Structure formats: structure tokens, C-alpha cells
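Below are two complexes that have subunit A in common, paired first with subunit B and then with subunit C.
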Partner chain A sequence: MATSVLDPRNLVDIQARPKRSATQILSWVLFLASIALYAHFSSVRHRENSEDRIVPSAKQLVQGIQSSVFHPAEEDDDLDPGATRWQQIRHSMIWKDTVASGSRFFIAMALLVPAILLGLHMGIFPYFGAFFLRYVLFFDKIVALSLLPILFIVFGIDEWSKIMLMVIGVAPTLILDTCQITRAVPREQIVKAFTLKCSNLDVAYRVVFPQILPNVINSVRLSLKPLALFLFAGEMIASTDGLAYRIAIMRRHMGMDIIIPYLLWVALLLFGLDTLLRFLNRRLHPWL
Partner chain B sequence: MALAAALMQEELPIARKRRCEIGLKGVSKTYRSEKGETRTVLSAVNLEIEAGEFVVVLGETGCGKSTLLRLILGEEPPSFGSIQVSGKPVKQIDARCGYVPQKYSLFPNRTALQNVMFGPRTAKYPLMPWLHPGFHAYRKELKTEATQQLLRMGLRAADANKYPHKMSGGMQQRVAIAQALIMKPSVMLMDEAFSALDPSTRISLQELVLDIWREQRPTMVFVTHNVAEALFLGTRLIVLGAYSEMMGGKTNVIADMHLQRSDLPYLERRHTKEFIELQSYVEELSYGISCQP
Partner chain C sequence: MTPWRLPQKSAAACWLRLAVICSILFCSLTQNSFAASAPKFVIGWSVYAGWNPFFYMAKSGILRRWADKYGIQIEVQRFDYAASLDAFVAKNIDACTMTNMEALDMPAASGVDSTAIILGDYSDGNDAVLTRSGLKLNQLSGKHVMLVQKTVSEYLLERALVLNGLQDEASRLKLVNTSDSDIAGAFLGNHSNQVVVTWKPLVSQILDQDKGVANIFDSSKIPGEIMDLLMVRTEVLHRQDGSGVKFAKAVTGAWYEAMAQMSGTGPGHERALNESAAASGDTPASYSEQLKTTHLFYTPKAATDFNDSAAFKQKMDLVRQFCFHHNLLGEGTQSVDDVAILYPDGSIQGKKDRVRFRFDSSYMHLAGQGKL
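So, the complex of A and B:
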């Protein structure tokens, strides 16, 4: 039987069965509380100083969003006054930064595909495992950010150092994770496959890989945040565009009216990508 | 005596003419733990299994039944001795043996039909089959064959498109048998294939396996710890005992006996005096339990 959300005893009742509506309401409470808290602090600060930029008001935030979405960055030229809304968006600061950061992000994700395949091989081919495992385990413990100076020397301060920081930061964990997922495939499946005339590559790519793919996609989903973290670190240190670059620039000008929308935009992008991967996982693997 | 009659060799003159399908010579298997301790599971096993025999391996937990199967399959090498299947030494797992384990026998990402089609398709078109000109015609032909195989196993046509997680344990094992049989292996190895099933499903699958064996006569090696199942299915019974240092390197095969076949259904046969007597004898032999008052 469904239990009431208003009864405080239910908060610590393992056997409680909240109603669907109660679950929905509860899931939004913290969002609403955060907004209310922010609005309260903002109004308190604005009562003291109407020009306060530390906790911008709703009006300032809307202005900040408008200037990010419809106006070009400071370093870019202005558009003709007769430009359409779409042209304004395409020429805007947030569009430019999103494209710059997005392309770095997706190139790094593409470069992680070989890491997944290496993890698969390490998990299934014993000699591969013996050759790589200890090295990758050791490499995984190196703090990727400490490699940044070396990356700048090797790849220069352009795109590749930032992309390689993301790849080097996430690849070892992804390799080890894929290796573990591969090793969790029941031995019976592999034995059975060999009795069905499969070759070694057939077993790896037609039996094991399709089975581990959903878990590997989940692993990639969990790596989205570390990827973004390394991207932001790289962009904040050496970049001329990108979402993190803009946040770093705005910090100097105390531009919280831009920083806050940017932070929410980044979170929204990552949330959207995570949702897309979850959706793809469900659609591509109806057997789960 | 009824017991002696039950242990009679079936079709002895024909059996003599059959070739040896599986041969084990002085096979031992010892495992070494990380601490360096050794544990012998199988010791000095000599077996000759003739083509078309239905051999059931029986014994208590840890006596080496499944290890014996893994050695025949080529999943593990023996510590000593040699194993031959179809006249060739066993070095690795290959398609000479069909295999039906207790669980995880189906690929979870494929439907029942795809599971059955997987083996022949992979054997004929190993990589990127859609690039081969004859692939689509072959796939159509194979689909018909696989569907027939599933129907033969007692599944409905509608079950063909079900994924394993939507099937009951019994259905999964039927598909697993079809998946193995479509490869037409000369040897079928079944490792406690029906252990996890409810009694009625188990009986119907036992009867199905017997029907298949009567029709196609593959050499069967069936591992179980269920005495009644062993006596109902087998034409030959091998009882293994747990190895101990007291044996001093002697074999842990306690008994190797031929059984008389009967065409009676399971439920009728299990109530016959011979069956009860034999069951009691084998239980005492393998587990040291006497069912007689």
C-alpha cells in the first residue's frame, strides 16, 4: 500500500512505498529550494547594493543570457543590425564557445574508442591482459593534470594538448573498466561459441563485444564528467575560446550574470548527452 | 536377478563393432592453489566411450564430474594422460563437441532463432557475412532449418523471436540443445543441463533428449548428480568418487557399468522394481546412502 509523504516516520522506513505523484514532487523539492535560497540571497544583497554582481538578480541573469545567446563575444565583430535571430544565435558568444568545447569533447570521445577495444582485448586474450594490465593500472594512478606541462611541450598549447589531456585522463579508467566488464562474461558463453565453430575474433567481436556494449556505454556515461573536467582544466589554462575559457574570462570581470548561465548550460549539455546515451542503450539493446 | 539384468550390456554385438569416439588414457587432473597446495580431482582415469553411447557421469559434488567434461571439451588440459575425440587428440575447444551447460548457455543479445542460427552462419561466413553474394539466400534457408529445429524441441513459432531473458529455464535449455544440435556434432556434452529445472520440465526435457539420441545417435556424455535421471537416460553409467590421498594414485572411477535400455516413459519406469532396486544400489555406491529400509 502507498504511504504518505507527510508522515515523517516514512523517511526512514525501508518498506515505505511512495506514490508516483509523491516521488515526482520530492524529486523537484531540492531544485525549488535552491532557486528560493538563491532568490533570497540575491534580494538581500540587492537591497544593500542595487548594482551587486556577485549574486545577480533574475533580471540581470536574463540580460546575461540574452547577451550570451544573441550577442557576439567581445573579441568578435558585431553583426549587421538586420541579421535574423538565427544568424544572431550562430554568431553568438555561447554558440562559438559551445562549438569550440564540443568539438574538443567529441574528438576526445572518438579517440577513446581504441581504449575500449584495448580493454576488450585485455579482458579476453590472456597475453594481451598480461602485457598491458600492470602498465595501465600504474598509468591510471598518474594524476592526469600533472601531465599538462608535458602535454604542452609535446603537443603545443593548441587543440591537441587539451584533447590529449582528456584522453589520457579518462582512457586508463575506461580500459580497466572494459577489461573488467569483459572478464565478467560467463565462461560458458565463450566455450559454447568455440563449439559453434567461432574463431578467436568471432568470439571477441560477435559474442563478447555485443554483450558488453551496454555496460561499456554506461561506463562512458560515467566518464562524461571527468572528460568535461579535463576539458575545463585545459581550456582555463590555455585557450582562446570554449565554455571554460569564457567562464575564466568572466571571473576576472566578476560577470556572474554570464558565469551562472554558462554553468547551467554545461550541466544541461552533459545531462542531455547522458540522456541520449541512456536512450541509445535502451533502443540498441532490447534484450536488456 | 533383476539387478544383474538391469546392468546387462545393451546391444552388445553391435556395440563391439562401434568405433571409439572418446578415449581417455591415464588422465589425471591436479589443481594447484596460489599457496602451493595441490588438489587432485581426477586420478588415473581410463575410459573408452564408443560412438552412439549415452554415457552418464554421476557422483557427489567435487568428485570431478564437470572437470572430466571440461577435459573432454578441451577447456582445460589434463595434468597427466591423453584425451582423444573422434580419433584426434584434444588440444583446444572445437566444434567436435556440442555443449549444453547448466546456465548461460544462450547469448543474451540474440533471440532464440538467432541463437540457433549463429553457429552455422558463423561457420560458413566468418566475418562480414553480408558482403558475400550468397549470404542472403543462405540465411533464408538457415532460418527455415533453425525454425524447424526449434519446433522439434517443443517450442512454438512465436517463441523464436524471444530473447533469453523472456524465456523460462526449460525453454532456454531447449534452445541451447537446438543450438548445439544444428551443428551436427559427433559428441554432445551436457553439464548438469537440467539441474536448475522444475521436475515436470526436467522430465519432458529428459524424454526429449532421449528421443533425439534415438533418432540421431550422437555420442552423449551427460553429467548429473541425480541418480534417477542417470538411470533413465544412460546406456552406460560412470560413477566417480572424490579423490583422497588414501587412494594412492589409483583411479577415482568407482564404477563403470552398462545399463539396459527401456522404452517405458520415465514416470512408469521409475516405479518398476528393477529401477528402484538399481537406484538404491547406485545411490549407495555413489553417495553411501541406502534407501532400502
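So, the complex of A and C:
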């Protein structure tokens, strides 16, 4: 069987076995194409207007990255000039923003743990299911963003309204998903566990929970994006720091030279977190 | 072999076929149809007491009449404010309403050379600093202040402190960047929020709903510093076929016809006010209330007198210094003079070779002389 990428017939061959090198090259093509397209647009716009800020050139981007990584946010006091690189980075605006957004993000993620346990209980204990399921199903369909004015009143405009926006936006879906996953555990196993003298809690936490955990972690991985979206929405509407706060401020004067590095940084952070969770899943559940 | 596989041909032939299909698709996508008709111009505007007349101009047919007179087409399109600026800087629209501050830090600082052809009004109380429980300007230290940062709201707050000798307090305020869509609700909903800086009609909403809130400083104390302009890209004005100049003349003519109706009395007056109010979904009563704190230049003479005065340059200087100190002219801009401003008398604020923002009162003068 021909395996060369040069033969277009292989494009529709299910049984084609591309070489490792071909797979590698193909997987980078779209990245390169995007960069090329961006560079093209940027150079066209800069030929027309050398100060264009909408599609910043490589030079402007490098400057933007430098000022976000080494310079403090303008409202902060400047460091003394003798500061080391590391001190500069610790006082930079991207560090400050990342710490602010990151702490919100992780608090919200920690608050998702009870949601997962609730989903487990709903899936396995019929009375829990009867009490919660219909309500969560309904609550899940509420567009959390439209609740924001109420959240402001209840939780103030500081940290908690943003964290609760993330939790309220993501938790119901996660609860329902965990409940579904729990219900998919074969009934026979639960019966078997009872015949082996398991208690109710043993079945829930020692038989069912370890089995659903891999799928639940995958579900959390899929929730990272909505979490980030809600975090951004909250920070753009009212805040004093954070990654999305900076983007909102920069938008006021077309600071795309800062916004684009920030977006890439956020993507990188989320990608890293996703990889970490995937790695964790593999280590915890090597049989998968 | 799977039955739906491509017929066995040489690889080269397959590629050739693909290439032909792709090129046909590409050609059909990029083919543009050039309609040979009157040149068309698009004005972007956003909801604001001083800009709502654009809606009336378009709806009443005034603009159409002036466009026909000059043999061009003019379309008026409503945007959110931030989106209108984006569209203008991206050159998707030819003219746009904006404040003098945004004219400086958005198009001009991005290298899009722009010209202010109509000086419509200045904020004469539309923007205000509001506080709860009798808080005064000298008591704001360490307090959270809700506002849309890097806009005229922050400018107003800073001017309030400077005019009261409190400029050192500026760094001790905790500014909370709050979207204008939520600022009124967020401020009213929680009594621990003590200070807010915003604009009308939000100011009126807040003052109406909470009697414990007081206006401690507003833009009537800095008259003429927050101006509302109609900006046109300079390259549009200089189009070879002269259509850009026709556009500027037509808009200016239509604007002052609408202004005459807004200021006069009679049936035209009533309709102009009602439709301008409807442009922002306001009642005529609330719109009239907003107009009281908007210093509209109803006549071309009033506008040109202010535009050509010496005080005008001082006010613009305050704004450009503010923009520079807040990095609004761009992270890489080293000097405030890198974004230079040209005034109607030919004088330049900043470097001569870096003029990006022009005030051209000639169209308003023509309107005043009845020569449009």
C-alpha cells in the first residue's frame, strides 16, 4: 500500500499509514499557515500605516511582551533600577495579573469538588437524585451571565462575585455529567459489592467513585474553557486586576501589542493545566 | 479496495485536477463586482445626547437631501461606542463620532490621520463624580472608585483632584474598572460602594434611585475640555475625485440644518427633539434634561468661535498630557509630541512631521457663511 503523502488517493484512504515524519510535518502546517497569514496581514497594514496597532508587527509584539514581562503596571511604583531580572518579573504586570486571575480560577476549581461529590450522590442514592436532579437540570439552563447584577448585590464587586459566577456557570453541568457517569456504572457490580458485605458508603466511595474518577477528570478538563470564559466575563465587567482586566484596559487604546501576548499566555496556561490533568489521570489510572 | 475510492490514475493527474478546482473556487471568491454609482460614505455614531441628532438627520431625510445635492451617498450606522472606534480605526467606516480624548488615543495614536470637521458640543455636566454619605473630594483617599478606566471618566476624576489641589491623592485611589453596562446596577446594589464616576443618562438614573448619593464634581466645572467631534479620516477628505470634500460639505450642511431645528421653535423643533430622543430610547423629557448639561453649538459661529480660540489649544493640551501620562498614546510612544495636533490657524502642538489629528473648521465656516 502506498503511504506517500504526495499521492492524493491516500487522503481518502482509511487504512493509510502515514510515516512518523509525515504526521509531524502535517500537524504543524496549520500553525505555520496561521503565522504566515498573520504576518501577511500585518505587513500589508503596516505598509499602509507604519504605526498600525490593530495587527502589530513582530517588533511591536516583542516590545509588548517585554513591557508586560519586565515593567510594572503603570499604577504601581517603579522598582529601583538595580533590581534583578527576577525581581522585575515578580513586579511585572503579567505576573500580578496572572496571580490575581489564577487565584480566582483555583478557588473556583476547588469549589467544584463538592459539586462532583453531589453528582456522585445524586447518581447513586435515589433520595438525593429525587431531591436535586430536576432542580439542577433546570438551573443548568440558566444563562449565568445574566445573573451578574444579582451576584454583585449578594457578593459585592470584589472577588466573590467573580468566583461565584464561574461556579454557578460551570457547576450544574459538572453535577449532571457526574450523575450520568455514576449511573453508567454496571448495577451488577454494586450488587456484587453488597454480597461481599460492603456498606452503602463503601459502595459509593470505594467501588463507584474510583471507577468514575477518570471520566470525571476528563469532564473537568472540558470545563476549563467555560471556567476561563466566565472568569474573563467577570473581570471585564468589574475589577482592579487580572488578565482580562488588562485586556479590557488595553482595548481602550487598541493595545493589541499587549493583548495578543496575553491571549497566547492564557492559552498556554490553560493548555498546561489540561496537560497536567491528563497526566494525573494517566498516573492515577494506568489501566486506562 | 473500497468501492468509493478515486479511480486509479497517476498521482500527478490527481494533483492537477485538485489544483484546477481550487483555482476556480479562488477566482470566484475573489471576483469583485464594481458597481459604478455615486461614491458612498458611511458615518458611524453611538448613543449620546450630542450625537443622537445624526439619527434624526438620517431618518428625516435631511441628510439624503444634502447628499443628493453633492451627488454622493451617505449612510448612517449605529454602533456601540467602543465598536464604532474599532471600526473607524480599522478603516471600515469613513467618519465617526467620538470625544476629543478618544480621537487622540484611538485613531491618531494608531497612526490613522484624522480630521475633526464638526465640533458638535462639549460636556457641560454630563459626566459626574458621585459619592454616598456626603463624602467629599478630600476624603476619597483609599476608597474604591467605580468607573470605566482610561476614559473621560478617569480624566474628569483627575481634573477634579487637580483643581482642588489634591493631585497627590490620585495614586491613593483604588480604581475599579467597571463596564458601563453594569455600573449603575452594581453601584446602587451595594452600599459599600462609595464613589462612582460615570456619564448621563446613568448619572440621572443613579441620582433618581438613591437620594443618599450626591454629585460632587461634574464636567460643567471644566467646560470645553470634554468635546464631542465628528472625525473623518484625512485620506478620505483628500480623495482625488474630490468626493471626500463633497462628503464633508454635505454632512456639515445637514448637521446645521438639524441644529437649527433643534434650537428653534415650531413643528420642526418638536420633531427633531422627539426623534433624537427616540434614537437612544429616551423620553423627550429625559432627553431635554440631558441636553441641559450638553453644551451644543447650535450655530456654526458658536462652534468656530470656540474652535479657533486660544483657550481651545490649552484645553487640548490638558487632554493630550493626560493621555500620554496614562500610556494611552501607546506603550512605545516616547514623547507627548509624537502625536501632534494641527489647529485651524495652522499652528501645531507637537512635532511638525508627526501630525495625526487635525481640527479643520473650514466646513463650519462655510456653513456659517451660507456657502454650502
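Everything below uses one rule, namely that the second predicted complex is superposed on the first by the 286 of 288 C-alpha atoms of A that agree within 3 Å, B and C clash if a C-alpha of one lies under 4 Å from a C-alpha of the other, contacts with A are read in each partner's own complex, and residues count from 1 in each chain.
Following the convention adopted for this analysis, contacts are C-beta pairs under 8 Å (C-beta built on N, C-alpha and C of every residue); 3 or more make two chains touch, one makes a residue touch a chain.
Note that the structure is predicted; figures quoted are calculated from it, not measured.
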Q: Would you mind checking whether subunit B and subunit C clash or fit side by side on subunit A after the superposition?
A: fit
Q.
Taking the superposition on A as described, I'd like to know which of subunit B and subunit C A:237 touches: first, second, both or neither.
A. second
Q: Determine, under the contact definition given at the top, whether A:199 touches first (subunit B), second (subunit C), both, or neither.
A: first
(Q) Per the contact definition in the header, classify A:207: touching subunit B only (first), subunit C only (second), both, or neither. (A) first
Q: Between subunit B and subunit C, pick out the one touching the greater number of residues of subunit A.
A: C
Q. Which partner does A:287 contact after superposing on A: first (subunit B), second (subunit C), both, neither?
A. first
Q: Kindly classify A:258 by the partners it touches after superposition: subunit B alone (first), subunit C alone (second), both, or neither?
A: second
Q: Classify the contacts of A:191 with the two partner chains as first (subunit B alone), second (subunit C alone), both, or neither.
A: first
Q | Degrees between the directions from subunit A toward subunit B and toward subunit C, using C-alpha centres, nearest 10 | A | 150
Q. Across all Cα pairs of subunit B and subunit C, what is the smallest distance in the superposition, given in whole Å?
A. 33
Q. Where on subunit B does subunit A make contact in their complex?
A. 73, 75, 92-95, 97-99, 101, 103-105, 107-110, 118-119, 122-123, 126-127, 163-165, 179-180, 183, 185
Q.
Could you list, by residue number, the parts of subunit A that touch subunit C in their complex?
A. 4, 6-9, 12-14, 49-54, 60, 63-64, 67, 74-75, 148-149, 152-153, 156-157, 236-240, 245, 248-249, 251-255, 257-258
Q) Can you name the residues of subunit A that touch subunit B in the complex? A) 186-189, 191-199, 201-202, 206-207, 210-211, 285-287
Q: Using the touch rule from the top, collect the residues of subunit C that touch subunit A in their complex.
A: 2, 4-6, 8, 11, 14-15, 18, 82, 86, 89-90, 105-106, 109-112, 144, 146, 149-151, 171, 174-179, 181-183, 185-186, 189-190, 192-193, 326-332
